[in-house]
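Labels A, B and C are assigned to the chains in the order they are written; within every chain, residues are numbered from 1.
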Amino acid sequence: MPPWLSLMLESLPSLLWACLLFTIPLTLLSFALGLGVGFVAALVRLFAPAPLALIVHFYVWVFRGTPLLVQLFLIFYGLPSVGIVLDAFPAAVIGFTLNVGAYSSEIIRAVLSSVPKGQWEAAYSIGMTWSQAMRRTILPQAGRIAVPPLSNTFISLVKDTSLAAAITVPELFRAGQRIVATTYEPLILYVEVALIYLVVSSVLSGLQGRLEKRLSRYGGYLEAAS
Amino acid sequence: MKRINFLLAIGLAQLALAAPVLAQSALEQIEEAGALRIGTEGTYAPFTYHDSTGALVGFDVEIGREIAERLGVEAEFVEGPWDGLIAGIDANRYDVVINQVGINPERQAKYDFSEPYIASKAALVVREDNEDIQSFEDLEGKRAAQTLTSNYGKMAQEYGAEVVPTEGFDQSIALVLQGRADATINDSLSFYDFRKQQPDAELKIAATQADADFSGVLLAKGKPDLLQAINEALAEIKEDGTYSEISEKYFGEDVSQ
Amino acid sequence: MIALEEIDKSFDDLHVLKGTSLTVREGGVTALIGPSGSGKSTLLRCVNLLEIPQSGRVRIDDAMIAFTPGGKVDRKAVLALRRKTGMVFQNFQLFPHLTALENVMEGLLTVLRWDRGRARQRAEDLLEKVGMSEKADAWPSSLSGGQQQRVAIARALAPSPKVLLCDEPTSALDPELAVEVVEVLAQLAREGTTMLMATHDLRLAASIASEVVFLDGGVVVESGPATQLFGAPQRNRTKQFVSTLTAQERPPA
């Protein structure tokens, strides 16, 4: 067996372990929380009174306008100066959540606005309240439209979790760095790490495609509403 | 007379009883928690790194474990890249840093050091085919790959080199091999370890420092009990032969001088 | 009894309805006609409060809401009033993520909280009534405009509203498809369904309305039985407007 292959095989268990223990939970947790934040933020910007909406607008502006890496450093290395010391994993979750929240709030806002106003009126005309209309009529439609952009956000997040290495989270990339530090074989190890990310994101893209296909079976809403 | 003595005695007794109730010292907190939190890199062979099974090992790591044992607690390692490591002390993420932290006046102004636990000689590493750099002075105007806040980084700057910032030893070595930096200064011991892993790499030591630098266990100021306990532990480790054992294991020689 | 009293409605600077009043006779079809911008759609949408008037009163049977400029609107009262009405929209607005049957059932399940069996039965009956039984499990996007509008009518009728509001029900349909919708509406009219319809299709109004209200510039110009308004309009403006209808198209005297 060529030495590069044996090194890859030797390293695989610790890389996969780091991926399973940190990369994947970090992604899932941050995405779930981030979507929640994004949804609330979108609703505030669409429906809440101006002062609240302005605050949310500010949050979205800051988190979309600054690099994710800087945000992570700020939370992990910067906050201790004002007395807030967070462990690496929670700091990473908070950073990614706020970031995903900002980006997804824009997507959700656009998607909610894209559902025709007439659908709201139709829902009201049969006597629904605002929240019934949201739940039964608007969200099911908006949800389907939101699947492609939000899936992209999710897949990007999987890759972005590699930035957590810089704030000491022992996820996949950092595990790779650790092995390079003792073997001095950056090419072999970083190719291996990249391959693992590639496999994960490809699997997710495949699932996204299947989901989109399933949701399109009832046809586009645009035709029905014209 | 008798009355004053009596009152004094009562006063002293009260103080003696009150003392333990006053704020806990750092050492007591550690003993209560049952763990000494140690900040370290985990990517700096042969001092602190992960072996092929993924376990954290290394000279500094084992010294850390021994110290914890003498203190009667577990050693709990928290890993992070070098440039943020000492800041972790300020943020109280861990109690001490054991990571080849060189003892220098700047650091001593802000932190406390234990007695030295290792002596290291700085080595100047260049590519095998490099004839331009034959001494530290030749670094003037050349590019040196270093971590920004290390002793070696400062040393390179003092010799007039242009520092190319990296995050660790393996990255610095890579830059020199790739020709992206002309040289790197680091511990001769880490270079020898690198040699063991990559015997064919085309690097050589151009020069070694005559005087050794010493590294100590770094902790925040204001913890006299802890400092004393660590120094006592270190003395014990050296006396009972544990130190030589660990030293031989990693370096094949005694590195306390 | 369904009545709008002294309704005033503006959109920013545009004063659309100026103290307009309207009574809808139960059991009959009242048509709102008038040129574009006359306010007929707006007036219609004030009945189910999709538009909130600045001032005036909206009354359906014993439920009444009074509006004053700057006054707060009680959401519960609005919902209660709205639930006595059903609306058919110009562009159908079926829920695209539900089948035809589910569209009709939706209000019954979500708003009236009927159990599934009862809601399904009622929905099936209504779809049969509008001639769409065969397409009960079809998605709206697979239906033609006329078919969608018929399902929309069934959906609006499901909770047995006091009045069926139709906002330009045939205007988005080409004449061939409009026929099937007109037939359904005519059948409903014959059965005595109370309807209020805003339309610019004078032929539609002439063929099914019993009462007609002619609106121009946010003011009621003339109102009365269809035969009179179309056959012998009293105001000149009305005469002008309905003159586009030929003699054959007018309702028999």
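What we mean here is this: contacts are C-beta pairs under 8 Å (C-beta built on N, C-alpha and C of every residue); 3 or more make two chains touch, one makes a residue touch a chain.
The structure displayed is predicted, hence computed values, not measured ones.
J.: Counting only C-alpha atoms to place each centre, which chain is farthest from subunit A?
T.: C
J.: Of the chains shown, whose Cα mean is nearest the mean of all protein Cα atoms?
T.: Chain nearest the centroid of all protein C-alpha atoms: A.
J.: Rounded to the nearest whole Å, what is the centre-to-centre distance of subunit A and subunit C, using the mean of the C-alpha atoms as each centre?
T.: 46
J.: Could you please state the distance in Å, as a whole number, between where the Cα atoms of subunit A are centred and where those of subunit B are centred?
T.: 38
J.: Distance-wise, how many Å sit between the C-alpha centres of subunit B and subunit C, to the nearest whole number?
T.: 83
J.: Which residues belonging to subunit A are in contact with no fewer than two other chains?
T.: If we look for residues of subunit A contacting two or more partner chains, we find none.
J.: Sort out for me which residues of subunit B touch subunit A in the complex.
T.: Within the complex, subunit B touches subunit A at residues 42-45, 49-52, 54, 78-81, 84, 87, 90-93, 168-170, 173-174, 194, 197-198, 201.
J.: Considering the complex alone, what residue numbers of subunit C touch subunit A?
T.: For this pair, the touching residues of subunit C are 48, 50, 75, 79, 82-83, 85-87, 89, 91-97, 106-107, 110-112, 139-142, 148, 155-156, 158-159, 165.
J.: What residues of subunit A sit close enough to touch subunit C in their complex?
T.: Within the complex, subunit A touches subunit C at residues 116, 118-119, 121-129, 132, 136-137, 140-141, 144, 218-221, 223-226.
J.: Residue numbers of subunit A touching subunit B in their complex, please.
T.: Subunit A residues touching subunit B: 10, 13-14, 17, 77, 80, 85, 87-88, 166, 168, 170, 177-184, 186.
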